[in-house]
Amino acid sequence: MKLRLAMIGGGPGAFIGAVHRIAAALDSLYELKAGAFSSDPTKSKAAGELLGLAPDRVYGSYQDLIAQEKARPAAERVQVIAIVTPNHQHFEPARLALESGFDVILDKPMTFSLAEAKQLQTVADASGRLLCLTHTYTGYPMVKQAREMLASNVLGPIRKAYVEYPQGWLSRPEEGGDNKQAAWRTDPAKSGIAGAMGDIGTHAFNLLEYVTGLEVVKLCADINTVVAGRRLDDDGAVLLKLSNGASAVLIATQIAAGEENNVKIRVYGDQGGLEWQQVDANTLQVKWLDKPTEIWRAGTGYVGAAAQHNTRTPSGHPEGYLEAFANLYRNFALCVLARDAGTLPPPEALDYPSIKEGVRGMAFIENVIASGRSTEKWTEFTV
Amino acid sequence: MKLRLAMIGGGPGAFIGAVHRIAAALDSLYELKAGAFSSDPTKSKAAGELLGLAPDRVYGSYQDLIAQEKARPAAERVQVIAIVTPNHQHFEPARLALESGFDVILDKPMTFSLAEAKQLQTVADASGRLLCLTHTYTGYPMVKQAREMLASNVLGPIRKAYVEYPQGWLSRPEEGGDNKQAAWRTDPAKSGIAGAMGDIGTHAFNLLEYVTGLEVVKLCADINTVVAGRRLDDDGAVLLKLSNGASAVLIATQIAAGEENNVKIRVYGDQGGLEWQQVDANTLQVKWLDKPTEIWRAGTGYVGAAAQHNTRTPSGHPEGYLEAFANLYRNFALCVLARDAGTLPPPEALDYPSIKEGVRGMAFIENVIASGRSTEKWTEFTV
Amino acid sequence: MKLRLAMIGGGPGAFIGAVHRIAAALDSLYELKAGAFSSDPTKSKAAGELLGLAPDRVYGSYQDLIAQEKARPAAERVQVIAIVTPNHQHFEPARLALESGFDVILDKPMTFSLAEAKQLQTVADASGRLLCLTHTYTGYPMVKQAREMLASNVLGPIRKAYVEYPQGWLSRPEEGGDNKQAAWRTDPAKSGIAGAMGDIGTHAFNLLEYVTGLEVVKLCADINTVVAGRRLDDDGAVLLKLSNGASAVLIATQIAAGEENNVKIRVYGDQGGLEWQQVDANTLQVKWLDKPTEIWRAGTGYVGAAAQHNTRTPSGHPEGYLEAFANLYRNFALCVLARDAGTLPPPEALDYPSIKEGVRGMAFIENVIASGRSTEKWTEFTV
Amino acid sequence: MKLRLAMIGGGPGAFIGAVHRIAAALDSLYELKAGAFSSDPTKSKAAGELLGLAPDRVYGSYQDLIAQEKARPAAERVQVIAIVTPNHQHFEPARLALESGFDVILDKPMTFSLAEAKQLQTVADASGRLLCLTHTYTGYPMVKQAREMLASNVLGPIRKAYVEYPQGWLSRPEEGGDNKQAAWRTDPAKSGIAGAMGDIGTHAFNLLEYVTGLEVVKLCADINTVVAGRRLDDDGAVLLKLSNGASAVLIATQIAAGEENNVKIRVYGDQGGLEWQQVDANTLQVKWLDKPTEIWRAGTGYVGAAAQHNTRTPSGHPEGYLEAFANLYRNFALCVLARDAGTLPPPEALDYPSIKEGVRGMAFIENVIASGRSTEKWTEFTV
């Protein structure tokens, strides 16, 4: 009944590995059955033991995992593989998994480079397998409500959007110490050409395109490395033009000392605006030209189908980051299960980030870094 | 590895049943193996199927469940039984489960009456089994932080506390319609002598005693039935005296139209005060006489051991109601597993609500309803 | 053009004296022309000089002020006398001023005792003069909006109200030091039989009756003196019954260490509720059973006549305590000027607290202190 | 004792005229004695009458006002002239007033063009008179606290700043109707080359330079006219480089439908950050890398000298926009009075916006509009 899940990377100690496991477990739609948690077989084995896996399902490399799971009987082999590794180790495992017939859940940004992303798109298209990219923020019910309201045009044509993602955790040169999270994220060999822009800028970009339903067509970026000695950007701000002619501003920084993780988006049509921020994730502010601002709340009877589908409790029971993440896992599972059963998933389940978002995210990284280096003001957003 | 779990009640459609299942699944410490989801065997069976249970582990009555599970081999039988039924069906299943050697997770209020609660205490003491009572709010990390700070005396001796739990969902006579939740909660035969005071007043009471570390010793209650025709109280306010001489106010209502579920507590010592509310659950406000209010946040490095133990993500990743509930399940599992392994659980895991809290909660119900009916001002809180 | 104003008490150093002067000046409707700022003639003279008054308009006693101002030509003598003294010095100056033909602005609570209050009512009725009692909080535009909405019944019949006024400034025995404000407020000879209940409890009581349009008919009070050695109450909580059968809770404390002055009121009808708090004074939250909470804002086009009349700037320009206080002064001036001109003031100007509110406030003090001492639970609210 | 004040422009109906009068009156430091409220003598006369001025002090033109007041005896003539006219009518009256020996209070932006601003600087320098430019937001006590804290380096060197000023009131083509405020602000002949950038962008720019103590040295602007047919910009976003190498983002828009006036600034050093916003004007959030965010509040004992000097009430009594505006008037009065008395004002009073800020504000307008039109990315900020 539950989808059998394997995990590549994400061993104990990796923040995001634990998040994936909770997201998979939360709705009892997956069962973790196998893993290659580390490229060090001893560490992988230890992790698997800690997680209660059968020893013969714990592998020393992703290649082994994919090959050996594929060799198992259909009723036993894992069905979905979650890849929870640094960026430079996304493409190869994902390609191999898809080509070997597995559905894939993949951390963002999708790959190490745009070229890889396009290649993966080709692979995925050919494979007939499904891929879910974990852009968490679009999993929040009130983000979905925002998208639905803008799509319905109740606020009028979009004119302006602001999206921001301020963090402070890289205010110091953390990468010099024991902080593994900081180390790989600031290492061009592992993270790619972007630091903050890849890590959180892509989230902001994805959120912007998701909520507005528009595409970025031009941009002008100020990209900075604030902490001395750091090898990648840790701060940036971007002026944007959207496909309908509206303009936008994107802010992402990891050196805003004292900030946690307060993703926030504001979008304005000609009749009113919307505001959502992660720190108050169950609320969507809806603002109007001539009447009171409304506080729309997750779990109420008046929210739309998308928000309802992605909430587990009635209003007044705050849901958070893990539930948003679990919404990705749940929707993906519903689609995989429906496909396997030859049925249709609930329409709301189709809404999870995938290859297309991954390609655009990688294009964002390359465009924004190029713009940051350019003396030209506006550059076209190319994919 | 995982604790094998059975559930009595909580079939699909029951809000709190789903909450229990998510809480059990979230940390991969339990596996749902059996259930008696309804006293109607057909419904129970359907529920078990939907939940993917083996048909022979789905029972038509709690008696069958307990008897037949007990008869299974030790390695197979369930270890923990969660009881998720209306109040009048708490005592018998709990008693039987404990006496049959199972550990028990039980919805609050613990029983139908204080007499039953005391009886259950005797049973539990004799059984050597563990019991977890799901007073969710004490599972929040920043509630634990509040308790820890007050215990450390950093704010000085407690002088005043306010606890409130305003809801609006019973503003209309919902029990007249299809609302099952409303129907049993307003039915004296199922709920007991109290409505709002039992359903949410006990939560507020438990939160007050938990956070302050003090006991209520006297009370003076205004208990009302606001909606015409309702058979139990739906609103109340209580003046309280605490064991150290401090005074407090407890508010609980289900007819505050437009309110969701905003549990809130404020406690003041002679040096400062604390404020926590569920709508901003990851924050604890710490107020001081002569310096700025501080915003303590879950997941940060500066919170205490209790808060850290009960958080899964770094600060800036909001956790909510389901995680708080899951904290109860997790701590209980750690204690059960440690006992079974002959080891000691992490000290923080010992902190989950149990029999003692259940007895005091039932005493609260009886005392508060009696006070509401009394013409005497202050009445002693008796157990 | 401007009303000529005299002030009794309120010399430099007295917080509330400065507030009165700003409130009087803000709309250019008053001109401070005379004063008896202290019972010490030297101090009074110094204060008058600092305030730029003509020396012959600065008096050594209120008796002198009233007598000599009365003796001046009509075109020169002051028209309104503001009395800004401790409670025990309210009645005599107010009586004398009214009987001498002056209109009076008077600090709350109105008098030292209920008996005095009733006497003053008789005096005022006989005098034909007007009196404004400075219950500041009813001067806020969004408090008036709340009253207007409840009166219009859009939220349905009132069922429950909560009003609270937590302060922390008397958490220590301030009266032992240099704090004059603390000294007289905790001195029964100057403050009357109540401390916190008189100082801020009366504000909360007034706000409750003003916003709901209902009267308190029964009460049950827990009145405490928390700080050792203090001679009057510094903390209390009161259960209340209102004239339409609804119940309410009133909280007022001066020992909530770390709290500033956050007056807050919540009122619930059967269709929804209202919430206003001073810390966000330009906002009124309007909550509904089945639709989003609305954020009504001062200065917008959609608020009612009362709120509009009592706001000076468009929305987005926060107004505060001084403007609320000035609204009392302005409305009073409009009424005095209209009366003197034989015209009618704008209807909204008629809404300022006066004798009736003062008598009820003093009745509150006596009733609440009596209830606090009583072993009876509910006592009738008598005037 | 009070400074005699004249007003040019600002007749009844003009929002900002009333604000100036309240600001002048609030602390009883000014007395409005004369005015040229409109270029239409009949309207000016009517306005003067309404305001209770002597008919012979109400003039039909600013030239008459200045000439005739200058001709009056020193003890009678006005001392300070407030100029409250659209931008194209700032320079001439200000020049004439300064050259005629009057101190001047002037609305922002200072002039119609940068050239005029520089000319006015020369005039002012030569005149020996003082000039106050009404950049309201720097009058807020907690904005001053922010500046003081950053100057003290307690948060470390500044690395990043965000300032924003979103409004929604020009979301529709209001200038086509009766809205005078909209009409002149969108008319290049009256407003100058900028619309939103001049009206509110200059406020944001001033706030940024004031709080950080840094100067903008480079910029890259996206300037838009969103509403069809509008003749000036109504929206913009600007990337900035500051004199210490830090970067910043400035957002100002008048088409964010549903927004009021929520000026907000955030500044980050390497140890922490600050956040202030007008909607919660009495609060300054102080954020730290490794400890709880602090909520600094106006009127408390722990704020610095600048904040204390610019607050009138103890904490818990919210002050707002009018008080901030009045702080400019008050500080300016203290400086004028001290100069006239040959004494020194309190050091805190010296802190009001003046010519220098006006010149930089006009330079901002010209630089930002030029950058908006440029295809070059970064342009130097030139004055």
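Each chain carries a letter (A, B, C and D) given by its place in the written order, and its residues are counted from 1.
Everything that follows uses one rule, which is that a residue touches a chain if its C-beta (ideal position, glycine included) is under 8 Å from a C-beta of that chain, and two chains touch if they have at least 3 such contacts.
Note that the structure is predicted; figures quoted are calculated from it, not measured.
Seen from the C-alpha centroid of subunit A, the farthest chain centroid is that of C.
More contacting C-beta pairs link the chains of C-D than the other of the two pairs A-C and C-D. Put simply, the C-alpha centre of subunit B and that of subunit C have 43 angstrom between them. With each centre defined as the average position of its C-alpha atoms, the distance from subunit C to subunit D rounds to 34 Å.
Centroid to centroid, with C-alpha atoms defining each point, subunit A and subunit C lie 55 Å apart.
Counting partners per residue, subunit B has 259, 286, 293, 297 as the residues that reach two or more other chains. Subunit D makes touch with subunit A in their complex at residues 155-156, 159-160, 162, 166, 168, 171-172, 220, 222, 224, 226, 235, 237, 239, 247, 249, 251, 253, 255-259, 266, 268-273, 286-289, 293, 374-378. The touching residues of subunit A, counted against subunit C in their complex, run 286, 290-297, 300-302.
Of all residues in subunit D, those touching subunit C in their complex are 1-2, 15, 18-19, 21-22, 25-28, 32, 51-52, 167, 260-262, 278-282, 297, 312-323.
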